[in-house]
Amino acid sequence: MHVGLEQYLTVSFLLFALGLLGVIMRRNLLVIYMSLELMLNAANLALVSFSRFNDNLNGQILVFFIITVAAAEVSVGLALIVALYRRRQSAHVEDLTTMKL
Amino acid sequence: MENFQNLISETMLPDMMFYVFAALTLLFGVLVVANPFSRNPVTSAMFLVLTIISMAGLFVLLHAFFLAAVQVIVYAGAVMVLFLFVIMLLDLKEEQHRKIKMVAIIAGLLSVGTIVAIFLKSLHATNLNAHASPVTEGDTALLGKLLFSQYVLPFEVVSVLLLVAMVGVILLSKKNLK
Amino acid sequence: MNASLMTLEICVMALGTVLMLADFWLPDERKKFAGYAAVAALTGLLVISFSGCGACSLGGSAFNGMFVQDGLAIFFKRFFIVAAILVLFMAVEFSDRIAGGVSEYYSLIVFALSGMLFAASANDFTMLFVAIELITITFYILTSFQRGRLVSLEAGVKYLILGALSSSFMVFGIALVWGTTGKLNFNELAAVAAQFETSKIFLFGVLFILVGLGFKIAAFPFQIWAPDVYQGAPTPTTAFLAVGSKAAGFVLLLRVLFTAVPTVTAHWMNLLIVISAITILYGNLCALPQRNLKRLLGYSSIAHAGYLLLGVAALSASGQSALLYYLAGYLFTVIAAFTVICLVTRHLDNDDVSALAGLNQRSPLLASTMTLAMASLAGIPPLAGFFGKFLLLKAVLEQGAVNPGYYCLAFTALAGVVISFYYYFGVIRAIYWSKNVVDVSPIQLSGPIKVAVCICIAGMFWLGIFPTTALDMANEAAKVFGK
Amino acid sequence: MTTSILTYILGIPLLAAVLLVFVPGNYRVIIRAIALAATLVPMVLAIKMFCQFVTGHVGYQFEQQIPWVESLGMSYHVGVDGLNVGLVLMGAIVAFAAACCSWEIQTREKEFYILLLVMTGGILGAFASLDLFFFYAFHEFALVPTFIMIGVWGRSERKNYATFQITIYLTIGALLALIGLIALYIQSGAHTFDIPKLVEYIAANPLAAKSQNFIFPLLLFGFGILVSLWPFHSWAALGYGAAPAPTAMLHAGVLKKFGLYGLIRVALPLMPQAAQSWMQILAWLCLGNILYVGWVAMKQKNLNLLIGNSSVAHMGFIFLGIASLNLIGVTGAVLVMIAHGFLAALTFALSGYIYQKTGTLQISELGGLCRPLRFIGVTLLMAAMAGCGLPGFANFVGEVTVFFGAWQVPSLRVVTVLAVWGALIIGAVYMTRAVRNVLHGPVPEKWSKLADATDVWRKLPYALLLVSLLVFGFVPSLLTDKIVPDAKKMVQMANPVSDKPGAVAVSEIPNLKSALPN
Amino acid sequence: MKYEILPWIILFLPLLATAVITLFTLRCRTKSSLISISAVVTGFVLTIVFIAVNGWHPVASETAVNWLSIGDLHADFGLKLDALSMMMMLIVTGVGGAIHIYSYSYMDEDAGKARFFAFMSLFTFSMLGIVMSNNFLMMFIFWELVGVSSYLLIGFWFEKPSAGDAAKKAFITNRLGDFGFLLGILMVWGILGSLNFSTLQSSIVANPAALGTMATIAGLLVFCGAMGKSAQFPLHVWLPDAMEGPTPVSALIHAATMVAAGVYMLCRTLFLFNADALHVIAYIGGFTALLAALMAVQQNDIKRIIAYSTLSQLGYMVMAVGLNGPTPAMFHLTTHAFFKALLFLSAGSVIIGMHHEQDIWQMGNLRKKMPLTFWTFLIGALALSGIPPFSGFYSKDSILAQCLEEKNYLLFGVAVFVAGLTAFYTFRLFFVVFFGKEKSDYAKHAHESPLVMTLPLVALAVFAAIGGFIGIANNYGSQFVAEHETLSLAQQVLEPLHAPVAMLIGIGVALAGIFLAFSLYKNAGTDPLPAKLGGLATAMKNKFYLDEIYEATVIRLHDLIATICDMIDRWIVEGACIGFVRGGTDLTGRALRLVQTGNLQTYAFLFVLGVALVLYFVLGK
């Protein structure tokens, strides 16, 4: 089968779905966070492949921004998780249920 | 033989490479989120690195060389190191085997499955109008030009964002509160 | 290119930086004044925004149309600045409860404001993305700013994970939309969107973008984060989240739906109706048994997202202007409510409704402010909420001829309002006729916060009694989509 | 345009409410004085207006219009014609009486008076407004203080439940009506909320039948709920039972009439076809009020609940008058509205007094009160008599006019017969039962020393209301002469020349038939 | 019509008196009573003046001002002054005046004297209104007002539970009649389009079938009003209980005037009734007369006996109207007003003398102690029994004659029997009270009443004695009979001879009744009759258990319906419906928020689920 945009998109979306699964199934905050990175990366892959197949560099610029933003987000997120861990001695989502209902 | 090589370089090889990298990416991806052997976050992190590197391979196949490099440097290099650093810092043990809720897993699989199914269905239903012969090269110079001309505004905004993130990280992780 | 259009944004960013730097040489006890200085500066900017000088002249665009300065943008910029001013007042009062840097808190608010200002002018998916991320990431920090309190951190983490999740959706959506159409600019996209109406991947992408925006405005089914985050975050943050972040979500939603893909939106009438209806019901029903004030307002903010979505779902100019008008009223109302909560719970651990007991003896001003705020949220004349709801209902009913679903929507909204009466009055009741009043010590109010509260009250009344000016502004802003 | 007297009438209480906000809560005398003055002046002005009203003249008088939101066709527009001049007068008098009766409030007086004045302003505004938006908004504005007053100053253990129920019910009613009004605005296409303009416009371009059939039920049931139309009545007695006397006076007496006024002013003339088809249903529903609620009233063990139910039952007559859709019926309905306003205010004021003195309204605990409370007892007796439709009181005129009007409609005869039964028998049964058990009989020892209302100020509100009832009962033409021309116009609009044979009422009113365009 | 203002003054004087008393002189008993008395006496004088000026048939008999005018509904406040109404005015003000004066002394000990006179004046006003009104609505208004004044006066001693109950009962029973009356008015108005008596009369005269098929029903509905007010079976139950009121009230309202209003109204609106309706009216009247007479035989309360006799006599009058004899009916009404008021006032005098003891078996031998009362009572009793030449004889005779004239022998028989019974129970009362031994200490210490009380007795006694031949029947005749010839005094005295059969039978049974009473009760210490009659006597004593039957049926039924409605309201409307909606809403709220588990994973899952739902909604198909 000839490899075209469709294949790339399928891969990228599968990756996205994997990330999604990770987010909703794993209970360790850090792993969840990694899964989120996976999802962002899937978007990057989609953008790059579109960029390639549509003959348009804007997509790559977007990827650039996404990577930057993701980095910022990761740093803040990790800092937050660390701060939380210091308070709670846990990075487990089930321990984060003081507020509910 | 030459013909064959040509054939590979022209069509077959990139295709084959695609399948290889795609398979690797997905495999590592699965291992990130659902490693049947280990639930240790470190393992997940390591597989995430591998996923990202495989993906960089796909980027190369798509002629986005600059981004492939950035991907490896920023993600595999910086971000993942940060992750690992934090994991080590927090001294996270292997995730305890709390009881797994089958219902939750099935429901999760079902909903994600629905989304995937709809996506794939839509993908097949859509004529993507993709060019037969992709030509765009990941020209770094061109990218740079675009970034500093057309996209200078978002670029500046992102710089503010980074500043904010920096401040935030410091505030959040400062050891002693005043 | 016309960079002078960005005067407001540049000034705000500069202000944020200055505030941050000010931390170095301001003694601790004077840091409060940094907040007031920020208020003063922002007030100046607000005046400038009304002065009609170059920076705010209508119709300009810059950076290849990425940044537009139209009626809508101006409307929202003023809105955001007012919100930030009022939140800063509150933040100053709140400063004694912030262990970490107070100046940083002010400056982060100002940076979030800058993100909102960019969002107001964003006319391009790139700008949309970075603006939203600027706002969101700032809010992650603002939410978890009270590091000493577990709830604050917990709220921060919840907001972080779910926010990042929604960002991922949005990014993927942007990828798909851009990939199918090759356009990032809204206007350019609008020109070609019609031919992609049947492209399912394109629609898929638009939906994913809407997921991200739906998260910002806390619309069903992406509302789930709101109560927890509202409850846990420091009160000024919550207020800013409820007003600023939500409004930013709405301005982007409007732009995407009505500037970028208007033809697609027209097909999604039913989707919007259903989402709006369920959001209203969900928010109101869940708020019914709620005893925690901030959480209550969290649910109520979901309900109000639903009301605001009425204006979107109406798919008409009157709907859009009604939405804008309602938002304006919502601004004063919600900030008033949170200001009261902020002041009342100063020495308390919890934000339970019972904290309001005897408020009318402790501080009549706060008691009446809270009462008016609740009344306005419930939609009682002559307060802003009433006229806003009136406009929204009118806009929805106008479309009744198009689709009977709109009548159902109107009735759902009605049911929601009725339910909401119950819990809003519950709050008022707690103020005036609680049985066991524990604390009767008078609440001392500083001069500035009195000013802020009075501004809120005046705003509620002004919008309710003299709606013409604001309505004209909203109409003017909504004209953007009429083109 | 000069400022209309109506603007003063509705503005003074509102301004006074604002003024009260700034008076310290412990200046009780000043607060009371301001509240009394701020209701007395509108009352005097309303009486003046009533006297100056030019009788026999179709159209609005004392008009004033200030553009408000021009883009939506809204304006502050007040004015009175025959249909509402009496209501404004009644509202102003009851408001003053309510302010006088507020001495029973002992706690948080300042807040109470503020709410009372807000309510007064809202009520008067709602009745004086000729703009749909203001019409609605003023009502809503007056409604909310009601809830709060019941909640805070209410009595009985069930006050929370009562507050809850009255709030929910009335909100639903008001909002249904709001949807109806907005739909009316939209579908008329007139782009104006101005009632006279709207009427004019719709007279020229009638609403489509489909729109009418959508909007009319909304208004009917929306307004109906506000007026405790059966089976949406259960809030009323409960709410009034729990309300402090001044609130019950103002709400049961005046504010409640808003829904009926809305039906007459807006729903009937603007949606005649729908009105025709709904009137039969309304007529049967009104029996629910008159008979069913009457029977319920017979069983009440609490005086206030009894009065509350009787007030619900009285609404039935007004509905019947409206349902007859002819001049006599509608005029009668307006008469009952005004009369009942005075009456409800009077009875609630009296029960408030008794409650104040005895601390209970359980009928079984009371008895023989005519002896210690001579003035109050006699007044209550007269009120009860007025309540069962005794001539001499304005209620009789209204009710009997309604019966005459309803009798003109052949299809409503059965309903009329039953309604007469309700008026003459059931009303008499529960009223005399109440009188027998509360006023007559031996005085229990504990009540023998109760203090009667002796000084003029205490007597004033009751006397004022009683005199109003008597004046309009003796000289009903004071009202009817004013009502008839405008009611005639309204009825003409509500009875378009229809091609349906046997359309109600028109054929029965010869002078109307000639007035209709052929 | 000259002095048109006079009737208005006559009408409104008592109202003015009420107003003045209530507003100003409630604390001053003497002043109040004088005001009230002068109002009614002035009314009497002015009526005489007016009659003297205008004669019995003024040229333009109506005077009116518009009261209510809405579309087709025109109701005047109008007065109709003809022989009928003017006679009634004389009765109301004349007899009323006597009773007012009597009350001045009778009520002397009562703290509520001022209130009493206020009510009396209100009643006088209302009663005058009924007799003077020229249209149905006006009449209905005063009809109701009379009802309420009666209510107030019966309940005058409101602290006595029985008085309160009796007042209530009277009011509601009257209301039942009014229900029919109002419907009748509506029906007549609906068909003929007018309320004015003259207009109605002329349109019916012009077209006897104007009322069409509704004629009978309309007539009977209007008659319902009379049934209530004149206490005809089955609405008669209130009248005996009404004796809870002060005795002057019984005399004025429940004997002389108000209860007669029904008969008056029937005569006023006679043109409405067709033959069928009249038939029903006649039989109801006859039945009431019989029933009440039977009940009267076994009563022991002095006032109640007279009350039942009133009932019985009212039945007589109604029967006369039904037999197309308005003249005899009105004639009897008038004489009845005299002698019944006399009897009541005499009874009142006895009661005062007996210190408010009303049981006849506690009295006895009072003729010695209260000679004047004895004589006046005797005159009243004779008149009531129909012994010539007392007034009752003439009027009763004219009714008997009317029966024969109409050839209704059944009703004639009833009337005769009732006449006998009347004489019997009247003299039973008479003998027990005034003869025999003193049966109690009160009786031993009884004393004659003061002059203020006895004077009206004498005046009334005179009229009760001579009322039969002083032109009363003449006046009525001139009203009702087209070619009426005025009779001279002698002719009037001998008038009964025109129907000798009726006269002889009438006198015969009356004497028989008196004789029977004499033989049974001359010296009786207890009532011998129950022993002789057994169950029948018990039934009579207990009013044939009608009160109990009503209690068990009508009242219970209404109460049951009310209870059911109350239950529905409590449980279904308020409980089930509202409770369900409320509880449902609350429960939904509580259930919905269960999804907010606080667990991030749940949140993420719900988020994704939401995305899936939205995607499916839009793209799934």
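By letter and in written order, the chains are A, B, C, D and E; residue numbering begins at 1 in each of them.
The rule is short, and it goes like this: a contact is a pair of C-beta atoms (placed from the backbone, for glycine too) under 8 Å apart; a residue touches a chain by one contact, two chains touch by 3 or more.
Computed from a predicted structure; not experimentally measured.
A.B. asks: Give me the chains shared as neighbours by subunit C and subunit D.
C.D. replies: E
A.B. asks: Treat each pair of touching chains as one step and give the shortest count from subunit B to subunit D.
C.D. replies: Steps on the shortest route: 2.
A.B. asks: Find the chain most remote from subunit B, comparing centres computed as mean CA coordinates.
C.D. replies: E
A.B. asks: Which pairing of chains accounts for the highest number of C-beta contacts?
C.D. replies: Top-ranked chain pair by contacting C-beta pairs: A-B.
A.B. asks: State which chain is most central when centres are taken as means of Cα atoms.
C.D. replies: D
A.B. asks: What's the distance between the Cα centroids of subunit A and subunit D, rounded to whole Å?
C.D. replies: 64
A.B. asks: Can you work out the whole-Å distance between the CA centroids of subunit A and subunit B?
C.D. replies: Taking the mean C-alpha position of each chain, the two centres sit 7 Å apart.
A.B. asks: Compute the distance, rounded to whole Å, between the mean C-alpha positions of subunit D and subunit E.
C.D. replies: The mean C-alpha positions of subunit D and subunit E differ by 36 Å.
A.B. asks: List the centre-to-centre spacing of subunit B and subunit C in whole Å, with centres computed as mean CA coordinates.
C.D. replies: Their C-alpha centroids are separated by 33 Å.
A.B. asks: Can you list the subunit D residues in contact with two or more other chains?
C.D. replies: 164, 168, in rising order.
A.B. asks: If I count partner chains per residue in subunit B, which residues reach a count of at least 2?
C.D. replies: Each of 104, 108, 111-112, 115, 118-119, 121-123, 128, 151, 154, 158, 161, 164-165, 168, 172 in subunit B touches at least two other chains.
A.B. asks: Got the subunit A residues that touch at least 2 other chains?
C.D. replies: 9, 13, 19-20, 23-25, 27, 29, 32-33, 49, 54, 56, 58, 61, 65, 69, 72-73, 76, 80-81, 83, 94, 96, 98-100
A.B. asks: Identify every two-chain combination in which the chains touch.
C.D. replies: Those chain pairs which touch are A-B, A-C, A-E, B-C, B-E, C-D, C-E, D-E.
A.B. asks: Could you please specify the touching residues of subunit A with respect to subunit E in the complex?
C.D. replies: On the subunit A side, the touching residues are 20, 23-25, 27, 29, 32, 93-94, 96-101.
A.B. asks: Any idea which subunit B residues touch subunit E in the complex?
C.D. replies: Residues 104, 107-108, 111-112, 114-115, 118, 121-122.
A.B. asks: Touching subunit C in the complex: which residues of subunit B?
C.D. replies: Those in contact with subunit C are residues 118-119, 121-123, 125-129, 150-154, 157-158, 160-161, 163-165, 167-168, 171-172, 174, 177-178.
A.B. asks: Considering the complex alone, what residue numbers of subunit E touch subunit A?
C.D. replies: 593-594, 596-601, 604-605, 608
A.B. asks: Okay, in this complex, where on subunit E does subunit D touch?
C.D. replies: Residues 66-73, 137, 140-142, 144-145, 148, 151, 155, 158-161, 163-165, 167-168, 171-172, 175-176, 178-179, 182-183, 186-187, 189-190, 558-559, 561-566, 568-569, 573-574, 578, 582.
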